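One chain, chain A, links the two complexes that follow: it is found with chain B in the first and with chain C in the second.
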Partner chain A sequence: MRHLSRYSALAKGLFVAEGRKGRKVVVIDVRPTATSKQADEFLEITPGQDFEIATVLRAIIKGLPLPELPEDSTVGGVPLSKWRELVSLMKACHYGVVMFGIGVTESRGKDLNLEQIIKLVGEMNEFTRFYAIPMRGHGNVNGSNQVLTWQTGYPFAVNLSRGYPRYNPGEFSVMDLLIRREVDAALIIATDPGAHLPKVAVEHLKNIPTIVLEPHENLTTSWANVVIPVAPAGVGVSGTFYRMDNVALQVKKLADFPFPSDLEVVKSIKERIADVKDYQRASL
Partner chain B sequence: MKTQVTLVLKEIPSLPVEAELINPENVTEKGIPEIKSMLLWCGNRQERVGDYFEVEITSLEESKNGVADPVLNSVNKGEGNLARLVLQGDLSKFKRLGQGMAAGEMLIQGSAGFHAGALMRGGTLLIEENAGDWLGAHMEGGQILVKGSAGHFVGSAYRGKTKGMTGGRILIGGDAGQMLGARMGRGLIAVEGDCGDVPGFGMMAGTILIQGTSGIRVGANMRRGTVILLQSKKLLPTFYYNCTYELPFWRLLYNQLIQAGFSLPASYQDVSFRRYSGDANEGGKGEILICHCP
Partner chain C sequence: MSSHQDVVCTFCGCLCDDLEVEVADNQITKVKRACTIGRNKLMHAQSDLASVRINGQAATLEEALNEAAGILGKAKAPLVYGLCSTTTEAQREAVALTELIGGIVDNPSSY
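Right after this comes the complex of A and B.
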C-alpha cells in the first residue's frame, strides 16, 4: 500500500497534479487482492497463461489478425474484447508503466514470460512512452543485483570459481546448485534459505557445512553449523539500500548493537583465509 | 598410425568437474603420462585427468582391414591420424566434454554432463546414455548422437547471446528437455522421443524434428526456420494456417535421418503436412509443419 500512495497510483507529480484521478490502474492477477480493489479495472486470469496473454497483447498492439481466435473467445480466462480495450487504453496514455511481480516468473514459462512482457513494453514505445518495472519481494534484493552487476557484469547466478565471472542461471543459480548437490559448503548472508528454498535444496544445505550471518533467529539458524550474529543493516549499521526502481538510498545508523556488521565479518574471514594460505605456502 | 585412447573413470566425483580439454585433438600423439597430466577444473582447484581416469592407449590397426563402425565413420578430411577417444563410466558430473572439438571421434560409454559438445566445430560425438543441459550449445558443425535423453537447452544460445547452434546435426534417441534449439540459426536437431516446453523458441533458421509429443508454445517468437512435429499440437494464436501439402524436402530429410541411424517408422515416409507460418509477432517467416498423419 505504501507503493500505491508514494510511487504509483496515488502520488501527485508534475504532470499528474490530480494524483489518483489522473491515472488509470489496471490489475491483472489470478485472484482478487488488496491491490485489485484499488484498480479501475481488474482482469482475473487463469493461472499459467501469462505467456499466451502477452503474445496475444503483442499481436493486438501490432494490429495482427488472429484467425484462430474468434472475437467471442477468451485468452487466459478473459474475453478477447477486454484485451483489445486494454491495448487501446495503453496506446492512449502518455506514460505507461508495467509493474510485474514474482508471480510472472513462477508460472509456467518462467523467464520467457518476462521476455515476452519486456518485448511488449519495447513495442509499446512505438506508440507512447512505456516502462517495465519489476516489483521485488524483499528489502534490498535490488541491492545485491546492483552490486553484482557493477562488480562482475551479471546480476545473479555468477560463478567466480575460475577467477573470472561466469553467468548461467540454471547452472550456477542457488537452487540448481543445491538440488544437484554441486556445492560442499555454504556462506549465507542476509537471507533465510530455510524459509524460501524447496525442501530438497534445504536438505542438501543441512548436509554440508553452513555458515550464516544473520541478526535474527530464523528457520536457517536453528540447524546451521555456524551462526555469526551481525548488526541489522539500516538499524545497527549505516549503508546504502537500493529501492526497487534502482534509486540508491543512504541509511543511517539508528542504535548501537554489540555485534559487528556483515562487512566487518566478511572482511575478517577474508583476512583469516589469506593468513591460512600464507601459512600453508610457508610450510610447503 | 591410428590409435584409440580410452579413459576409464575411477569413481564418480561428488562435485562437478569441468573437462573442456578432453577431446580427440588434445589426446592425439600423446603418451599416457602426458594425457594424465592434462588439466581439469573442480571448483576453484585445478586437477589432472590422472586423478579421475585410468588411461589406456591401443592401436587400431586391425580395424583398417575390417569394416569400421558406420556411425562413427566420420567423413571429414584430415582427421585420419586423430586418435579415437573413448570415455567409460558415468560422466554426468563432468561438464564441457568435447567442447569446441573440431574433428575426430569421441565416444562416451555412459552419461555426459552439461555442455557436452558445446561450441563444437566438427567431428562426431556419440553419447551412449543421457546428456545434460546445453548439449551442443553454439555448435557450428559436426554431429552429436545421443542414445538416451538430453537435458534442456539442446543446441541453444547461452544467456545474452542471440544466436545458438549455427550448423551440424544433433540426433537424440530419447527425450529432450525444455527450450530445444532455442535461438538456433541453422543446423538440424531431431528427437525420437518427447520434448519439453517451447521447442524452437526464437529460432532464426535451421530445422527441428520432434517425433514424440512436444510441450506447449512450440516455436514461440521464432523468426525463420522449420519445426516439424509428427504429433499434432495446438499452437499459439500468432501462427497462421497456410495449407496442407507434401513437401519434397521431407523425403530427403527422412532418408538422411534413416541413414544416420535415426529410427522413424516407414509410415512417415509419405505423409503430408499442415503448414503454419509464424510467429507473426516476429515477422511470421518461420514455419511449423504438423504431420497430417496416418
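Right after this comes the complex of A and C.
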C-alpha cells in the first residue's frame, strides 16, 4: 500500500528531486481505482484486449503503418490518438518503468501478453531508458523465482522427476497439475491454496495426502492431512527476502515462537527421506 | 521492552524496511510507519497459531515429520508448492527436497 509513496509516484530520487511533480503517471486499467485517481492520465480499457493494445503500441513505437486501423478508430476501447500520445510521452521521458500486475496474465493470451509487454519495453530502449517490474503479491514470491532460477535455471513450474529440470508453464504449473489431477501428494509451504486457488484445484488437493507448513490456522490447515506449524519469517525467524525490484533484504526476528523455522522442517523431512533411501540402497 | 528499528515488513513485495516495532514480554505491542495491512499482519502475527496435527488429531512434531517424510518418500508425483512467504534459505532447501523426491516445484507466480 506504500508503493506510490515509497517507490513509484511520490518517491524523491536522485534525478527526480521534486518527487511527484517531476513524474508522469499513466494508469491503464479496466475500471477506475484508487491508483487511477492519482494518475496524470487514466486510460480505461475494455477487458481482454491486452495483447491487441500491446501489439498496437509496439507498432506505433516502431513507426509502422497501421493500414487496418483508421485514425479515428479505437483499440481496447481507447482512441488510437490516445495511444499515439502515450507513445510520444514514453519516448520523451528520460527513464520509464512499466509496472504490470497479475491482471495481464489472466486475460486471453496469458503469457503471450507478458511477452508483448517485455518486447515493448526492450524496443523502447532504442529511444530512451525503459524498464519493467512485475507487481508482486506476497513478500518473497520474487525470492522463490530467484532461488528456483539459481538452482534449476527456471523461475517456476519446474519438474525434477527425471533428475534434471524441465520447465513448462501450462503443464507443470500448479493450477494445471491439480485440475488434471496429475500429482499424488503435496507439500504446501508458506501459502494458502485453500483461499487462493479455484475450487476444482482445491478439490484435488483434498483428495491426495497434503502436508502444510504454516504459522497460522487458515483455509488449508483445516483439511490438510499433516499440519506442521512453523515460525513466520520476518517475525519469528530471520532470513533473506527479495523485494520486487530484485534487491535482497535481511528480515529480522522480533519474537520467539514455539515452532521451528520452515528451513529446519524442510531440512528435517529431506534428511528423513534420504536416510530411508540410503537404507534401501544399502540393503539391496 | 525492546524497540526494533528498520524492521522489514514481509507482507507484500514492497518489503518496506523502515518500520519500528516494539516488543514487550515477547509480545509485539506497537508497529510504526507500516501501512494498515502491514501493521495488522504484525500485530496479529502471534495469534491464531496452528497446532501440530495428523489427519485432524493432535500429534508431536516428531510424528508429523515422520508422517510427512513417509508421504513424500512414497509419492510417485509429489508437488512442492508455495514458498512465497518464506526465506530464500528455506526455498533453497525446498528445491533440494523436490530433487530428492523427484517432484515438481512451483510457486504462485505461475498463474
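Here is the rule we go by: the second predicted complex is superposed on the first by the 276 of 284 C-alpha atoms of A that agree within 3 Å, B and C clash if a C-alpha of one lies under 4 Å from a C-alpha of the other, contacts with A are read in each partner's own complex, and residues count from 1 in each chain.
In this section, a residue touches a chain if its C-beta (ideal position, glycine included) is under 8 Å from a C-beta of that chain, and two chains touch if they have at least 3 such contacts.
In this text the structure is predicted, and so the values were computed from the model without any measurement.
With chain A as the common reference, chain B sits beside chain C without any clash.
When both complexes are overlaid on chain A, the residue A:199 reaches neither chain B nor chain C. By the touch criterion defined above, A:142 lies against chain C but remains apart from chain B after alignment on the C-alpha atoms of chain A. In the superposition on chain A, A:37 makes contact with neither chain B nor chain C. Within the superposed three-chain model, A:21 lies out of touch with both chain B and chain C [touch as defined at top]. In the overlay built on the shared chain, the residue A:184 is in contact with chain B and with chain C.
For chain A, the partner with contacts to more residues, out of chain B and chain C, is C. Once the two complexes are overlaid on the shared chain, A:161 sits against chain B and chain C alike. Legend: residue contacts after superposition of the two complexes on their common chain; A:67 is shown touching chain B, with no touch to chain C. When the shared chain is aligned, chain B comes close enough to touch A:55, but chain C does not.
Chain centres taken from Cα atoms put the angle at chain A, between chain B and chain C, at 120 degrees to the nearest 10. Using the contact criterion defined above for the overlaid structures, shared-chain residue A:169 touches chain B and also reaches chain C. Taken over all C-alpha pairs, chain B and chain C come no nearer than 5 Å in the superposed arrangement.
In the superposition on the C-alpha atoms of chain A, the part of chain A touched by chain B in one complex and by chain C in the other spans residues 161-163, 169, 182-184. By the touch rule above, chain A contacts chain B in their complex via residues 51-52, 55-56, 58-59, 62, 64-69, 75, 108-109, 112, 115-116, 119, 161-163, 167-171, 180-184.
Within the complex, the chain B residues that touch chain A are 14-16, 18, 41, 43-44, 114, 133-134, 152-153, 158-160, 197-198, 201, 216-217, 220-221, 235-241, 279-281.
Residue ranges of chain C in contact with chain A, taken from their complex: 4, 7-17, 21, 23, 26-28, 35-38, 42, 45-55, 61, 64-69, 71-111. Touching chain C in their complex are the following residues of chain A: 1-3, 6-7, 105, 134-148, 151-152, 155-163, 169, 172-175, 177-178, 182-191, 193, 196, 209, 211, 214-218, 221, 224-229, 232-244, 248-252, 254-263, 265-270, 272-274, 276-277.
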